[in-house]
Amino acid sequence: MLNDLLSRWPLIRQLQTGADGTGAEAMTEHTRNLRPKHYGAEVTRSICPYCGVGCGQLVYHRDGKLISIEGDPESPISRGHLCPKGADTYELHTHSGRQTKVKYRRPYSRRWEEIDLESAMDMVADRLWDTRDRTFQETRHGASLMQTKAIGHLGGATLDNEENYLIKKLFSAGLGMVCISNQARI
Amino acid sequence: MSDAKARVVPVGRVPDSSAEQRLLEIRHEAERRGEVKAIGIRPSGAPFPQASPETGYYGIPLLKQPSWTWEVPLYFFTGGAAGAAAVMGAIADYTGADRKLVRDARWIAAAGAVISPALLVADLGRPARFLNMLRVFKPQSPMSVGVWTLLGFSGAAAATAFAGFLAERYGPSLPLRIVENAGQAASLAFGLPFSNYTGVLIGATTIPVWNQNVGELPIHFAASGVGAAVGLLELMGNDRSRALQALGMGAALFECLEGLRSESSDHSHLDPLKHGLSGLMVRTGGVLSGPVPFLLRAASLLGDKQRSHEFRRWAAMASVAGSLVTRFAWVQAGHASARQWREPLGIAQGEKPELGE
Amino acid sequence: MAENHPVGFQWVIAARERGAKIIHVDPRFNRTSAMADIWVPLRAGSDIIFLGALIHYVLENKKEFRDYVVNYTNASTILRDDFRDTEDLDGLFSGWDADKKKYDPETWLYKGAPSKDSGGEKAGHSDAGGGHGKDRGGEAEDAGKFEADPTLEHPRCVFQVLKRHFSRYTPQMVERYCGVSKEVFLKTAEAFTSASGPEKTAAICYAVGWTQHSKGVQIIRAAAILQLLLGNIGRPGGGILALRGHASIQGSTDIPTLYDILPGYLPMPVFEADSHNLKDYIKKHKARTGLWANFDKYFISLLKAYYGEAANAENEFGFNWLPRVTGDHSHFGYWLEMAEGKMEGLFVMGQNPAVGAPNGRLERKALAKLKWLVVRDMVETETASFWYDSPETERGELSPDDLATEVFLFPAAGTAEKDGTFTNTQRLLQYRNQAVEPPGDARSETWFMYHLGRRLKEKAKNDTRPRNGGLNALTWNYSTRVEHAEPDVEEVLQEINGRSLPDGKLLEGFKALKNDGSTTCGCWIYSGVFPRPGENKANKREPKGYLGHGWGFAWPNDCRIIYNRASARPDGKPWSERKKLVWWDVEKKHWTGLDTPDFEKTTPPDAKENIHRGRGVEALGGAKPFILHPDGVGWLFVASGLKDGPLPTHYEALESPVSNPLYAQQTDPAADKKERPGNEYAASPADPRFPYVLTTYRLTEHHTAGGMSRTLSHLAELQPELFTEVSPELAAEAGLEHGDWATITTPRGIVEARVMVTRRMRAMWVDGRRIHHVGLPYHWGYRGLVTGDIANDLLSISEEPNVRIMEAKALVCNLTPGRRACGAAALTQLAANMKRTSVSTK
Amino acid sequence: MSVTAFLTDSTLCIGCKACEVACKEWNGVGEDGLDWSGFSYDNTGSVGASTWRHVKFVEQTPEPGFGGNAPEMNSWAFSSDVCKHCENAGCLEACPTGSIVRTEFGGVYVQPDICNGCGYCVVSCPFGVVERNEQDGRAFKCTFCYDRQKVGLVPACAKACPTESIQFGEIGALRRKAEERLAELRGRGMRDATVYDPVDTSVGGSHAMFIVRGDPRTYNLPPKPEVPTIYLKKAWASSAIAAALLLGGTLVAFLADGQRNGR
């Protein structure tokens, strides 16, 4: 016991080896067993969410929790490198300012209320349905129009192709919304 | 408004190149110096921060200021006084001086032995980890050497005083006598370095004002410690001891010389000792430690008994205060020195001293 | 590029290290200039003078890549006799209708081409279409008929017209109006043109610095002309690279969330013009030659993907379920309607118009006119909180107490929390795999859309009114995972890829598409991304070779450099060994090389063209690389499809301190200023109230409107405050102190910013006058870890005629020392600034 | 396992600060204050307890026709600073607890489980790198990504750096590379390029070398950094003299006093 304690005392190691207390003799067990925090974690391939360059990212996670996000060295685009924004992707996902609940503001209210997701979906569907129904024009001068201009959509450049596809499909081809736009101008 | 307009066929005004050139020069001057000598000229937008071999990296100091707070300079004081007191107590004992003086010196040493580690611990970022100081012994680290010295000194001084106390209270016995003597010998041995190692501690750093005075700091700090120890002993009533008077004179003389040395040099690295808050503190400490006690002690030798006594008391108080101020002053000077961004870059000082506190 | 695409810029640095020269053209010296060999400080908005002068330099000094120009561009094509250039009409082309404020493009057509009067709106020239619905080529069907002169000597051939058009774009003009000295211009021109030809190529990279102008499209066009003349298109190291600012902004135009196109750049049907029936619609948009000859296949396959079994030949595959476009439904178009109270609901997903859009004050006040607003984002953006936290609530223009808008803020999943593909700026689709579940109630947009659609289809199920025909027919059967009932994203990608019917087999590419309803395809240009079950090419990560094939999927057909047939000579051999890319393998009798040829694989180079009579891509023969164009060549002159002229012409910005030095026509005639109360303009040219040129930009430390960067500590600390960059000269003139505050005003807005006096900004001599630029990054807003005034509040809502982009890079402002007023007084200060009649300088 | 180093080539640096962010992300370091400095685009100021990589922005006078990369001009230079991991490291020698150790890769590593925040390393670093985090109490600086290096990974900053301005590798190879690069740059006309690696001072060279254009002092790189152990000899000699004086003086004083007292 005492022997064990003494053997872990760097001073004893110093006396035994004549070392000056700056090297391995002064390291702790923790230091000796140090491993990167994502050691042995699962890794998923991803792409940076910021600009249009499309740098490869490796997402390290364990037990459903993110550990770290860094560049994917295999990417022929980025070769593992990231810019300051890309390098901050982990914080983007984990920072405390993220919303995790639906917030709802009633007419004339001065505050947010938290509401549950399913009710919020129902409420949005009701409003969408109601507005569309009241404002939809099937024809004009006898020609097919099939549109509503009372509901708009904005956004898409930060979204996935599949998401944009469903937005355009439902909003435009399904509901007849024409006021659809995003960050892009082409 | 109309988009149409008459076709303008202008003859372009050509920029006057000599005026442009002059403007450029003025701008450069403004950026370099922060002002322009020429009268009536407003430098365009300047001064704005510049990075250059003359201005360094926007004047951002390279070195970090010490992270130490008040505990450390106070520790320098208590340690210096305690170490010197231990030495005096031991020598006084060996030379058979007055028992009260020996006892008082031991008590000062013992008090320092208790207070010093407490101060040192209090200054740590993680006080609970104080014992980590004992993981290693690094002769190349004055802090490590100092900690081990402190450990030895504290143990020895405390043991000596405690044993002496027990002996007086319950009568002498052999074990107590052994402890007392061994402790006294050890406090002498540890007290000698302990009284001045803090000069090594700050001298062997990257702070210019400290390391440029590395050869003097331990002596300076030892003299300061002696001055404080003598002063404290005198204030405790040992004001008839001529040995203390002599030591006090000696310490004050060293402090005078130290003051003369720094005041007579105009090296820029000494600026923190002369300018700004730290300069004021250094000079105050220096005057209180050197000329004041020296003159008072000299006066006390000449005057009548009553006056002499008064002068010694005043000298004692000045020395103690001087020592205390000196320790704080040197740490403060370290801060000021670390802010002197020109020093480590070897850039010559401009016209204005850079010692805003 | 170093500022906003640092990782992409590594390749520029790599090229520089191998000897490439980097020329950076920008009013301010930024991090890209710091890496360049030549920095050209250019007056904001004078780009076409500069590019025109480069074109002039090429033509004047015979620096063009002659063989390339003759064979691969329309330089030899002869124009109609009644075409008039801007040189003839002082800034207008023939066909301008001053009343309607638009061009009739008839006279721009190639000589010999039949007239295009098809009864309705001309394709690409409809008022309603933003221009996204590109013209299919020299005007549908018979675009391939024209006269040409391969010697390029004919006075009305494109080459000669071009020469004449740019004859006054001289180095002297550049010196006088761009603020660029003749020496610097000539140095630039020499460096750029000497890096072109068979052995060398030069690339042009641009970002929104070029697009956000009232003539943005024409600036890019000028670059295209230059690159075509120098033979820098379709060749390695050449091209014009749009550096795009969002992860999938390319994808969001390929599969658009835009009003006037459908996936794969198929035009949305326009009311009246396209109302009647599928046959007419197809006739109008289908070309006889080139890839657009298959327009009907792409379109009918899309309808089949949307409406499934319900779409059949009898009901024109559901063509009449598609809504008709009746006007400008672009962001600005409908937002102005919103401001007038004509809209009820709005979805905003992953965008933050309260900060990112021009004239933020107008945009935010318009939101208050909605009945309901749905915002989906990872954080509470300025858009979601406009009703209680905006400058308008602070200034008393809006108050929650009188504001009826219902606001829903849905938490969105991050990229690591969902599957999906991004299409990057080089048209590369890359699949992301989900790593972890999103926190709390955060969900992907796929989830949101799927479950919203499910609810609406449920509501419509028993409602048989015509309006619900499409909704009821809409295929919406995506399988879901147990966790959160998240739809299978790969299924959506497969729908985009397309299948053959009835066997449901995935298609290997768009060549397999049919026009009889026997194939489905959600986006024809993406077809081939998922050719077989289990083979998601966007998710492939095995890069090989020169161009990284095997990593992701580039549309079309995994071709990495588009029009790469142009990298080989007409006879099929590479122009040079050094610059080889694809070539004709004589023995194996097919095209091969370092890239996937985007050409018909087995069409030999000597295959005869039959543009005048043939059909499809085959009609182009073996030596016409630009297969999307009906004539198979690159267009120096664009006969049809552009709304503001067939050739780039210099016009001043809508707000400019300078008179147009070249023409009486000051600004782009077709640009729409949307001028109205709340969207006012400075007088132009040279409004004394607004003497300085304002240009906005991004910083590398932040991302667009800041929702993904100002909320993060590690980025917020790197650029914590809004600042304005000014030259020492301007600082002296306006009385500004470095580190102090300045207030910037335009007719629309007022913002304050810290002053950064820097020599990286230069006062310019323009036509004998000092022109000062005020630089202003735009990332700040009123939420997040670091906040600041919104630079975009200064901009106007204006629309470039072709793509309806605002002018954000060149406008005018006033600049005064000190902070702006707070509260309602800010509006008073703004109004006072408008009333000023002269400039008061310190 | 080899001895490694950084070579930070500022002629390749685009000032994007990816290294700063990547470092903080990997090491879980917090923000360093949200203040605008006005010192060009540098709002961090220096390396310290909460910034282990720091990009410096050195503005000079740009002239049209010369980009920053032109040999004639060095108009806006960026250089990513970091702990130098000195061959003779002041902090390492000064540390009284043995918290700071030299790793097998040659890096200087502060063991966070040992450091008690005595602050002596702070005044012992000639580059002003290591600093006590006043909230946490311990001293922090670049770890040289010791954890990553242990499993053969490149430090986070070097991995992120888009233009490979931060290079990482075996120290000998990097030193040669630095010399070759310098020759190349000079050959290109950048005669003001230098390698900063203080081998000729008591620091004895560093595991973080820099290629910069112009005077290194412009980048806050000291021309003569010294490891404070060089002062030890003089300091302890002075200490010995002081002790001797104290001992001798006291002896003389008390002996003389005793004699006078007639003992």
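So that you can tell them apart, the chains are marked A, B, C and D in the order they are listed, and the count of residues begins at 1 in each.
The rule we apply is simple: a residue touches a chain if its C-beta (ideal position, glycine included) is under 8 Å from a C-beta of that chain, and two chains touch if they have at least 3 such contacts.
Remember, it's a predicted structure, so these values are computed and weren't measured experimentally.
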item	value
Chain pair with more C-beta contacts, A-C versus B-D	A-C
Middle chain, criterion being Cα centroid separation	A
Where chain A and chain C are represented by their mean Cα positions, the distance between them in whole Å	26
Separation of mean Cα positions, chain B and chain A [Å, integer]	53
Chain centre separation in whole Å, for chain D relative to chain C (CA means)	46
Contacts with 2+ other chains: residues of chain B	48-49, 135-136, 138, 140, 144
For chain D, residues contacting two or more additional chains	16-18, 20-21, 25, 38, 40, 59-60, 93, 95, 98-99, 114, 162-164
Numbers and ranges of chain A residues touching at least 2 other chains	10, 21-22, 25-26, 69, 78, 81-86, 88, 91
Residues of chain A touching chain B in the complex	9-11, 14, 20-22, 25-26
Chain C-facing residues of chain D, complex	12, 14-18, 20-21, 24-25, 30-36, 38, 40-41, 43-44, 59-62, 64-70, 75-78, 162-164
Chain D - residues contacting chain B, complex	38-40, 42, 45-46, 48, 56-60, 90, 93-99, 114-120, 122-134, 136-139, 214-215, 217-220, 222-226, 228-229, 231-232, 234-239, 241-243, 245-247, 249-258, 260, 263
Chain D-facing residues of chain C, complex	2, 6-7, 9-10, 13, 16-17, 22-24, 29, 31-41, 180-181, 183-184, 187, 699-701, 713-721, 723, 738-739, 754, 756, 758-760, 762, 785-786
Footprint of chain A on chain B - complex, ascending	134-140, 144
